[in-house]
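Heads up, there are several structures right after this.
Presented sequentially are two complexes of chain A, the first with chain B as partner and the second with chain C.
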Partner chain A sequence: MHIPDGILPPLVWGGATVVTGAITAYSLHKINQEEDPRAAVPKAAMMTAAFFVASSIFFPLPPPMTSAHLILAGTMGVILGWYAFPSILIGLILQSIVFGHGGITTLGANALIMGIPALLSFALFQTTKKRIHQDRIPHIVGFLSGFLGVVVAACIFYLFIIGTLPADIDRTAEINATILLCLSHLPVAIAEGIFTAYLVNYLRQTRPALIGVQLEG
Partner chain B sequence: MAAGHSHGIEIDAFAGLDSPIHRWDGRFKIAGLLGLIVAFASVQTIRSLPFLILITVTIYALSHLPWHILRHRLAIPGLVVSALVIFLPFISGETVLFSAGPIQIRQEGLFLALLIAGRLFCIVTLAFVMFGTDTFVRTIHALRALKFPDIMADMVILTYRYLFEISAFFAQMQTAARLRGFQGNTFSMSNIGTLASLIGHLFIRSYEKSERVYKAMVLRGYGYQAVRQDLFAATRDDVLKTAVCLLIAILLIASDYLI
Partner chain C sequence: MDIQPMKNRENHAKYFIILAICLMFLGVSTSSILAHGTDIRLTVAENDQVQINAIFDTGEPMSEAQIIVYAANDPQTAWHNGVADMNGTYFFPVDTSIAGDWAITVRTAGHGELLHFTVSERGVISTGAETARPAWQTTVGALFVVIMLGGVAYFYSRPKQMTMAEARA
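Right, the complex of A and B next:
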C-alpha cells in the first residue's frame, strides 16, 4: 500500500510532506520529554526491523481470496507509542533506499497512510490500558487496532490516488470507487484484527512490558 | 504463511566504483540531486519530459552504475504505476486520438499516463544514483550533517544494522514451526493464533536484544560523543556540481509553469 514517485501532483505530495514533518516533529518532541530519550532508540530501531520483517509475511485468507501480507500499522501504534510514526517513516526510508520500493517524494504521503492508523491505535490502546487484564479487553482492543489499522490505511491510500485523478473524471464515480475499494479490504482487515487480538493477548501474558503494562496480579 | 521479503540489492555494492558522482561530497550530492528530484516531481507538462529523461540518463551514465541493476530497481514501482495509470487514456480527456467501437484513446489521458511514467523513471533513477554511489552509513551521516534529526539517524542505522539478522532469525523460526508440523497455508483461527505467537516471539526476542544492545552502546559512550565533523570535505567542484543541479531544477520548474 505504498504510492510510488511520479503519481501525486506537487501540491499533494508537498502538503503530505509538510504534515508528515509536523507529526514527526511532534512525536520527537513527546519522545524528548522522556527522562532519557535515547534509551528507547535501540528498542524502537530493533522493533522497526522486526516490523519490517513481519510485514512481509503473507497470511492465508478464506476463499475466494488467497493471502495478504500484514500491514501491522495498528500493532506498531500499540507497541511503539510515540515512536510509531518516526519508526514508520524510517521503515519507508529504508524501503526506498535499500530496496527501491515506495518513493522519495511520496515519503510524506506513505508515512501518513501507515502512521495515522498507528497513532489512532496508540490512542485507543492508551484509553483502555488500565483495564487490559480484564476479561476479553485485550482481544477487543487488539482486534480494533488491527482492523482499524487496515481500514484507515486503505481509505487514506485510495483518497490520495483517486482524489488526485484528473478533474474531468466523474466525482460521484470517484467517491463510489473509493468506498468500494475500501470495502474490498474488509476481509483483510478482519483477518488482521483477529491476528492482532491474538498478538496483544500473547504479549500481555508473556512480556507485558513490551506493550507498556504491568504483569497481571 | 510465506515470507515475501527479499533482501533485494545490497545498496553498498556499487559504492566502491569511481565516477564524478562517487567523488561528489555526500552532503552536496544529496542537496543537488534532491533539488532535481523535487523539480522532476513538480513538472506538470508533457513537453518537459524529454529534458527530464535527457538529464536523468546523462547523470546515470556519469555515475557508472550498471544499467541492468536500474532495470531491477524500476520493476516493482513500474508495475504499480502501470496498474494505476493504464486506464487513464480511456477515461480522461476530450481529444480522441484513436477509436475502435466503444473504445476510445484520448490525448489528455495518454499524455498524463506518459508524464507519470516518465516522472517515475527519472525520480527512481536519480534516487538510485543518490543512494547507490556511497555507502549507506555515509549517506546517513551526510543526512545528519544536513540537520536530519539525531534520534532518527541513530534509528535508521540501527534498524539497517539488525534488519538482516532479524530476517535470518525469523526464517529459522519458520523452519522450526514447519518441522513441528505447522501448515500455515490454509485459513483457520488456529493458524492465525500460531502465526501471532511466532511474530510475538520475534518481537520479544528483538526487544530483549535491544536492551543488551543499548547497554553495550552506553558502555561505548553512546549519547556523549560529539558528532564527527571530519567525515566530509567539500571542494569547489562539489559546490559547482550542486549549483548546476539546482540551476537546472529552477529552470525546469520556471519553464514548466511560465512558458
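Right, the complex of A and C next:
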C-alpha cells in the first residue's frame, strides 16, 4: 500500500505533498490548542513505532491474491486523534529510509493514503464516544474504525494508481492487478477491525484516558 | 520535588535518542537502497539481450509485471512493451546501435521501479552493479528506529517540572 517513486506524475505527487503539508499543519494547530500538547507525545511515539513495525509484517495469502501487510491506520486514528496524521507521516519517512517502502517524492501521497483513513476513524470514534460504555458499542465502533482504516486506504491507493496510469501501459492488466492487491487487504481489514474492537473495549475498561473517554460509572 | 534524578533521566533519554539516530543512519548509509518494496535486477544476457528479474522485497515474484522499455534516442515513447513471466523474469533484445541511457519501467499494481542501463558507442550494454542491502542491516536499522521512538516516549513521559511560582505556592 506504499506507492514508490516513479509511479506518480510530478503534478500528482506535488499536489499530494501540498495537501499533506496542509493537513499536517492543521493537525499540529489542533494539537497546540490542547491543554498540554506534550502530554500525548509518549503515546504518539509508541504508536508510531507500532505503525512503523506493523507495515513490515506481511501476511502471505493464497494465489491469486498477493501478500498484504498491516496498516493500523484506524487504530492510530482512535488512539491518537489529531496526533495520528503527523505520526503516520513520521512513520512513513522512517519506513522509506530504513525499509525502502514507499518513496521520497511519494511521501505526501502515502501520507494521504494512510492518514486520511486515520482521521476518518478518529471522527467516527469521536461521534460515538458518548455512548462508548453502552453494550456492544465499543466493539462495533472499534471494528468499524479498524476495518474502515484499511478499506479507505485501499480505495485512496486505487484512485491514485488508476487515476494516473501512463498512456503506454496495459490499462486492463494494471487495473486488474490493482483490484487484486486491494482485495488482498480485505482479510487485513477484518483482522485490524477485530484487533481495534478488542483494543477499544480493553482501554475503555482499563485506561479510558488513553482514548479520551471517562471511566465507566 | 527532587530535580536531580529528573535531570539525569532527561540527559539519559537525550543521549539514548542521539545514539539511536546515529546508529540508524550508520546502518542505512553503509549500503545503497536498492528499491522501494521491490528488488528488480538487470543483467546482460546472450545475444545483446537484457534480463529482468523482478521480485517484491517479501521474496514473491512480480508475476506478470508490465515491462516498458524507453530507448535512449526517444525517452518519451515506449520502444518495447512486454509482460514478465510468473517468476517475474523477462528478456528483451537491445538495439545496440542506439547508444545512450535507456530506461525500463517494471510495475504491477502500483508497485515497481524505473531502472536504467546504458549502451556505449561501441554497442556494449552496461547495467550497473547495484547490490541489495543485507537483511541484517535493515533489521538493525528498524531496531534502532523502535529504540529511538521508545526514547522519545521515555523523554516526554517524565513528570512535568514545576515552575518557581508553582514551587513557592
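Here is the rule we go by: the second predicted complex is superposed on the first by the 177 of 217 C-alpha atoms of A that agree within 3 Å, B and C clash if a C-alpha of one lies under 4 Å from a C-alpha of the other, contacts with A are read in each partner's own complex, and residues count from 1 in each chain.
Note that in this section a contact is a pair of C-beta atoms (placed from the backbone, for glycine too) under 8 Å apart; a residue touches a chain by one contact, two chains touch by 3 or more.
The structure displayed is predicted, hence computed values, not measured ones.
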Identify the partner contact of A:103: answer first if only chain B is touched, second if only chain C is, both if each is, neither if none is. both
Chain A residues touched by each partner, larger count belonging to chain B or chain C: B
Quick check on the superposed pair: does A:160 touch chain B, chain C, both, or neither? Answer first, second, both or neither. second
Which partner chains sit in contact with A:89 here, chain B, chain C, both or neither? Use first/second/both/neither. first
Report for A:37: first if it touches chain B alone, second if chain C alone, otherwise both or neither. first
Applying the document's definition of touch, where does A:174 land relative to chain B and chain C: first, second, both, or neither? second
Just chain B (first), just chain C (second), both, or neither: which does A:206 touch? first
Touching chain B in one complex and chain C in the other: list those residues of chain A. 2, 4-7, 38, 41-43, 45-46, 48-49, 52-53, 56, 58, 60, 67, 94, 96-103, 161, 166, 168-169
Touching residues on chain B, where the partner in the complex is chain A: 1-6, 8-9, 11, 34, 37-38, 41-42, 44, 72-74, 76-77, 80-81, 84-85, 88, 91-94, 108-109, 112, 116-124, 127-128, 131, 136, 139, 149, 151-152, 154-160, 162-163, 165-167, 170, 184-187, 189, 191-193, 195-197, 199-200, 202-204, 206-207, 209-211, 213-214, 217, 222-223
Which chain A residues qualify as touching chain C in the complex? 2-7, 36, 38, 41-43, 45-46, 48-49, 52-53, 56, 58, 60, 66-67, 94, 96-103, 157, 160-161, 166, 168-170, 173-174, 177-178, 180-181
Going by the contact rule at the top, pick out the chain A residues touching chain B in the complex. 2, 4-10, 13, 24, 28, 31-32, 37-39, 41-50, 52-54, 56-63, 67, 69-70, 79, 86-87, 89-91, 93-94, 96-105, 161, 165-166, 168-169, 191, 194-196, 198-199, 202-203, 206-207, 209-210
Listed in rising order, chain C residues that touch chain A in their complex are 24, 27-28, 33-38, 56-58, 60, 64, 66, 68, 77-78, 81, 83, 105, 107-114, 133, 138, 141-142, 145-146, 149-150, 152-154, 156-157, 160
